[in-house]
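Presented sequentially are two complexes of chain A, the first with chain B as partner and the second with chain C.
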Partner chain A sequence: MAASILRRSLLAPRCRAGDVAALHSGPSRRRAQAPGPIASGRRMGKSPAGERSVAPWVAVVGLEIHAQISSNSKLFSGSQVQFAAPPNSLVSFFDASLPGTLPALNRRCVEAAVMTGLALNCSINKKSLFDRKHYFYADLPAGYQITQQRLPVAVNGSLSYSLCVGGKKNQVVTRTVRIKQIQLEQDSGKSLHDDTRSQTLIDLNRAGVGLMEVVMEPDMSSGEEAAAAVRELQLILQTLGSSQAIMAEGQLRVDANVSVHHPGEALGVRTEVKNINSARFLARAIDYEIQRQIKELENGGTVINETRAFDYKLGCTIPMRDKEGKQDYRFMPEPNLPPLILCDNKSLPANTNHQHVVNIDWIRERLPDLPSVRRVKLVEQYGILPEHSFTLLNEDGLMEFFENVVRQTQMNPKKVIGWILNVMLGYLKQHNLTVQESPVSSLFLADLLNLLERGTISSSAAKQVLEELWKAEGKTPLQIVEEKKLELIQDQQELEQICQAVVEGHQEEVMEIKKGNPKVLNKLIGLVQRTTRGRADPVLVKQILEKRLSQ
Partner chain B sequence: MLRVSLREISAALKEGRVSPTELCQRCLSFIKATKFLNAYITVAEETALKQAEESEERYRRGQILGDLDGIPVAVKDNFSTAGIETTCASNMLKGYIPPYNATVVKKLLDQGAVLLGKTNLDEFAMGSGSTDGIFGPVRNPWSYSRQYREKSVHNSHTENEDSNWLVTGGSSGGSAAAVSSFTCFAALGSDTGGSTRNPAAHCGVVGLKPTYGLISRHGLIPLVNSMDVPGILTRCVDDAAIVLGVLAGHDPKDSTTVQDPFKPFELTNFIDASKLCIGIPKEYHAPGLSSETLALWSKAADLFENAGAKVIEVSLPHTRYSIICYHVLCTAEVASNMARFDGLEYGHRSSMDKSTEVMYAATRREGFNDVVRGRILSGNYFLLKQNYETYFIKAQKVRRLIANDFVNVFRSGIDVLLTPTTLSDTIPYVEFIKEDNRTRSVQDDIFTQAANMAGLPAITVPTALSEKGLPIGLQFIGRAFQEQQLLTVAKWFEKQVKFPMIQLQGLMDYSHTVCQHQKSAFFS
Partner chain C sequence: MRKCRGGRMWILRFGRYLRGAPSGGASYWGGLFPGRRFTQAASGGSDGRQEAAGDPRRRGRVYQNPTWQHVEQRPLPEKKVTVEVLDHLERLALVDFRNWEGVQRLEKAIQFADQLHAVNTEGVEPMDSVLEDRCLYLREDNITEGNCTEELLQNARETVEEYFVAPPGNIPLPKLEERDTFLQVSE
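Let's look at the complex of A and B:
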């Protein structure tokens, strides 16, 4: 909770309620409902005597997220959808808005939107409508975008997301954001501005690609929450396959509406922070914007209703040059598309060709396990900690990797998770690799853990083997163990000799132990390990040394 | 040979009495001879001859594609034709060659039809005279008919014969003139508020506007998407039925076409008129309706009654709001549809390129005429957030009431409605241009646009000549998707009225003088 309460700087000039209230008459006031996490402190509350009354600021964050639908073809045309194809190579006559062309709705896109709506607990509108939204822009060939302004395909849903809080980030709390609606709409093309030649180049490959716009109510109050909600949405979309949701490829684009106010008072004027294309920047952009607004208000300024862009190099939001001031989009029903009618098992007309209908119940029955369910299952099935289940799902492919390793090893999953999260993930992060790019396959890791589990090698030897495996030379863990002679020394006599030598060479430490400082024993164990390059069974070594020293 | 119907020429082709190439060449030379009518914007001579040769080959092998094989047709220049310039009679699309065929064009070609060329129209089909396109007005072939000439002799006080020529009506005036002057056997028009029926009536040909959703609009450069329908212009009702059979049916490229399969039909020669119920909508006694047309309308009603049909006066109470609503909805969609013409992807682009916005503005100012720009302006006004409820939504609601009027009438047992198509016969160009495009459209679409508002099928049948010797057509409006019934009634009516064929000797003479004149001008 603490993160959501942003205290006034004590150094700030006095700012009275009236100063702030004046801002609330702005035209863009959002719903009067308070945001989820309400600050505990009341304004002008009973703060400790002597301290100037310090009312907390609360931030209100709402998101509009455009997710590109994962589909072979575009929303209304047969053009292929493909990232980074040669410019203007995926453009149908319709996409280029040639006169006389008409839209034909792509069934796959509708199914993806229904699927997403169901996964986000929305009610699915059995009848939804398409509208034209007009504005002139070079990468919008028709001069309008086909969207769902009046009656979108899905409404009134919710998304639960969790974030780790507390000093050690080991306390998982779950929050919910309401989903206002999900609408189907066309993507625009891309404009590439060549300032030196003062030219704009247009690539229409993206023009007409299907988007789902997910509108989240302003139920969040920090960048961290927004980022967690977006991350959860991303996971859900990827699980459903309705969007690949790769932010770096622009498949998931987030606009954030941010305002600040004092609890119990009307909401502040909001700004819109546009085009944030990574979860990390999302949190930073929102937090920056919250702080900026607070600072602005505390300095006696005002927040104006504007669109701002996040400059990730500078780490701040800057006002966007508004093209034409306030736009009137002159919405109009799209006359070339009949209403989108969906059916369910009850309303399914008899003798219908399944190609011609989209059945909501049919899609519902085939929904895969959502991330939240998967996490619970992971905790139950493998006995791992809830926060570990988050990490497993947050990294693309990591859960599958973990489960593959568990399947192929005798090691307890609770131990396996440590190897995966601490050792492997650490390595991947350090080298900026994805799970799919890992040089160590789940099979090799399982082999290695089996060697460890069977007592063939020690855990420090296992780490050495892993170091070799990262090089990805194709050697199996066992080959590496044999080549490097990393097996545990099984020969008791050999071990006894080594221990004897260590004891003899370190009489000072021996005296210490005998004086009653057992901790020094660890040093001796370490020395034995160093001598054997980690090949000694630490339990056995300890036993031998203790026996020696007690003699 | 060129004066026969499509059905007759089809029979002649099948019997080998004429070859497709010969037929095509005759039409092409006739197009040249009647060039002054300005019916065609583009004559696709080369491709037409190639198509005719291919057709001839099919006839030789006995593998013809269908009833239209080898038959010369013309298409209004707002249908996309692959490889053939498609201009909409606008500077905006001058030089634009579409890379694809409209579905209706494709269907004609798939049946073996020979596409002679693209016909003239008002810019982007916005008009009712075929006078407001960049290629100039279309002249009504009846201006040069013996019937008109004889009647106008006594009052032809002008020395300049040329000044009295008549407008075709519009906006599909080029197509109507082409069919009327025998340069093709069938032509496609488009019908948004009457654009097929109006010129058909003025040019003495049959004009069919099918039910909305029966024929694909894919490739038709839109005026008003929710009302546009490809129209069919032919010499007789039977021919219209043949062409309809070729064009109708679901098109995956047009989501507003109905899924139900369409079965082409042949029209019977005999109907039991006693089982017919003809409705006469009283609201169509509009101010400005000529006494001649009124008399003809009432005579037609008598004709049905005398044949045993029930003829009932009916009421379509919301008719009087129709034209005003039509204009709100029309301009709103026009504003939207025209947004794509920005000079970037195709069509005209201004050389003023200081900024993208400057280029847009200049391109659109240079590319569109005043009529188009005026409609865009008012349409955008109606769509503004502050006006949307007051104008657009209200017009849509009234549109629903208008459609319901028809539903109620047909539910009461009426089979077909009989109305005038136009207020009167056509008028000379010099008269026509005394009023602006908008005023003319309001007058000329008065009886026709309601069928577009309601999406119903309607057909105009040439009925009689006026005192001036000019054609007057009457309109039948049918139930949605009941084209067979509508056309059956129309055919029976056509048979009764025996509309006279246009006598174009005058036209040939005129053509001759024009040629002489041009020659002398050339040699001087």
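Let's look at the complex of A and C:
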């Protein structure tokens, strides 16, 4: 018991993701190499004090993204990959870097990287190399990380992403960012910094897990664009299954290189914002850094090339203290791994065991539909708006839910999408639930929409039924409608009686209408609805009232 | 490689370390010293193994005696290592050169290794490993290891629960100014 309490108290710092200590995760923090803009920070210093530049600032944003490969075992060892396992339980002798152990490359990890490279329009290198990148840190027992510095597995790709612009955010624009390379590399272990006892606890469960580092060229110019690009990459990885890409579990870690300059001039000095582990803060962290640099330069200061961390509590970036001066990684070829050779249908060796080769063409033929293709299909097939197709894909499982409902209802998909996005999604967000956790199944929603479509109930009654369905008592929509007596009044006579009563009780309004103010009619319709508790067909009520009033 | 009298140098030619053409043929340990890359066999050879059979100096697949080639050596400039580099090396390697004698030994070592520059490697693709034309074995994605926390932690000087305990963060060497080292005096 005492032990488990101790563990909890030790684990606590990990949860506070904003702490600088907790931000120290993964090997990404020591990366210095990136597209290198040239210094121009002095420019502002030369201009006389007080004189402000009129030209607008342009921000340049490049991203390095580490995606954890979804695999059973690690990149070079046969130990299990699993989140939140007991400390040091998923560690082989190789992961702990015991002498005499050797790496054995996991085929699944290679395939995941090739698949991702193909989905991002990369050229796949049929020969790629492994290198050692050296640095000292307690969660890296070997003193080096095996990565692909010289010749990565995939190069020269592109990623198209879309974002909503305009005042109402209803205009979808598509942009493209170039992918410089995708490289395979090992993850490091995790350090838990226990400041009170002045020690670091090391858990090597994550040490050696396979990562794909996706390096994007600095083709973006705002936090919003970067966030949209990362979201699209996340969807692609999840569609491929090459990474689960769950940011909260550290499976997708983003480093952003940010600089600002005036158009037509050399790029500014860049800073690197490290380990942004939350989709929510990605755009904010980058935009903060852009604004900070502009402010710094406009006040006559300079931007220094440094590594910064985003503090989500303070909402700002702060310099990281972990390295002084430039790191010397002393890259060298990994002597224990020959080059990784991939083949295609043409170069497939005749008499080899197919389990020991990775065939690029075979993987290409089996690529699933990517999110961009799925969106186009949704728009074409159901006639929905492009922005709706984005929402359907952005929520995990929502597209499937929508398609299931459409399949089981006579309602036009264009009307179904309104119920899904406005009503269902609203409920889910309000209760902080995922689509899978929805208490209302697609079948029940389809039943409900069928009742609405057939004119059995009004749309306000349908909303009432949905509220009841949400309580998840297992009743069908029809049962609820019957129990609550929510069917529309089909009896013409009954409706006419109610309308008559309303007209008689509101002579003032009737006079208004007769004077030529037809808008007041809506008030009368509303009164009828109130009397019937929403059970009257508004179209029918309108007809009856108009008939009465014209008499 | 060995230094000889008279400032001249002899180079032991490890065939593939100084290969002249993209690797081919040799695919077994015998390929370590494929004959065609030796001076004598430079012309026309196509496969190390084939030649090995006909080469009287070889028994099995490995040469019995090294072959040598004389290379004209230009005098190399003396290597001087700056204080900055020394400081950098001490940090990286966590070694202490202790005194100027230690530094001189380092400079001599560098000069000795620099002799390699005397070899003309123009047009020769560098070789990383003698295994570079071997097939990289790909493992199936199965869980075969792990679950040995206790054994692993036996190596640790200090543990808490199932964690290794390390000092807080990195403990870098103090800066040159703060360090008690002979490098300061020399500046």
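Definition applied: the second predicted complex is superposed on the first by the 495 of 551 C-alpha atoms of A that agree within 3 Å, B and C clash if a C-alpha of one lies under 4 Å from a C-alpha of the other, contacts with A are read in each partner's own complex, and residues count from 1 in each chain.
In this section, contacts are C-beta pairs under 8 Å (C-beta built on N, C-alpha and C of every residue); 3 or more make two chains touch, one makes a residue touch a chain.
In this text the structure is predicted, and so the values were computed from the model without any measurement.
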Report task. Kindly say whether there is room for both chain B and chain C on chain A in the superposition, answering fit or clash. Result -> clash
Requested in this report: Check whether A:142 is in contact with chain B, with chain C, with both or with neither, and answer first, second, both or neither.
Outcome: first
Report task. Have a look at where A:164 lands relative to chain B and chain C in the superposition and call it first, second, both or neither. Result -> neither
Requested in this report: Have a look at where A:202 lands relative to chain B and chain C in the superposition and call it first, second, both or neither.
Outcome: both
Query - Touching partner for A:443 - first (chain B), second (chain C), both, neither - result: neither
Query raised in the report: Does the superposition put A:99 against chain B (first), chain C (second), both, or neither?
Result: first
Query - Contacts of A:340 with chain B and chain C, given as first, second, both or neither - result: second
Query raised in the report: Does chain A have more residues touched by chain B or by chain C?
Result: C
Query raised in the report: Given the touch rule stated above, what does A:330 touch, chain B (first), chain C (second), both, or neither?
Result: both
**Report entry** Set intersection of chain A contacts, chain C complex versus chain B complex
**Finding:** 93, 96, 98, 104-105, 136, 138, 200, 202, 328, 330, 335, 337-338, 356
Query - Residue ranges of chain B in contact with chain A within the complex - result: 79-80, 86, 88, 93, 96, 98-100, 102, 217-222, 224-226, 252-256, 259, 332-333, 335-336, 338-342, 344-346, 356-357, 360, 380, 383-385, 388, 392
Query raised in the report: In their complex, what parts of chain A are in touch with chain B?
Result: 93, 96-105, 132, 134, 136, 138, 141-144, 200, 202, 328, 330-332, 335-338, 356
Query raised in the report: Hey, which residues of chain A end up touching chain C in the complex?
Result: 3, 6-7, 10, 71-73, 77-80, 86-94, 96, 98, 104-110, 129, 136-138, 191-195, 198-204, 322, 324, 328, 330, 333, 335, 337-341, 355-358
Report summary line: Per the touch rule above, chain C residues touching chain A in the complex are 88, 92, 128-129, 131-149, 152-153, 155, 160-170, 172
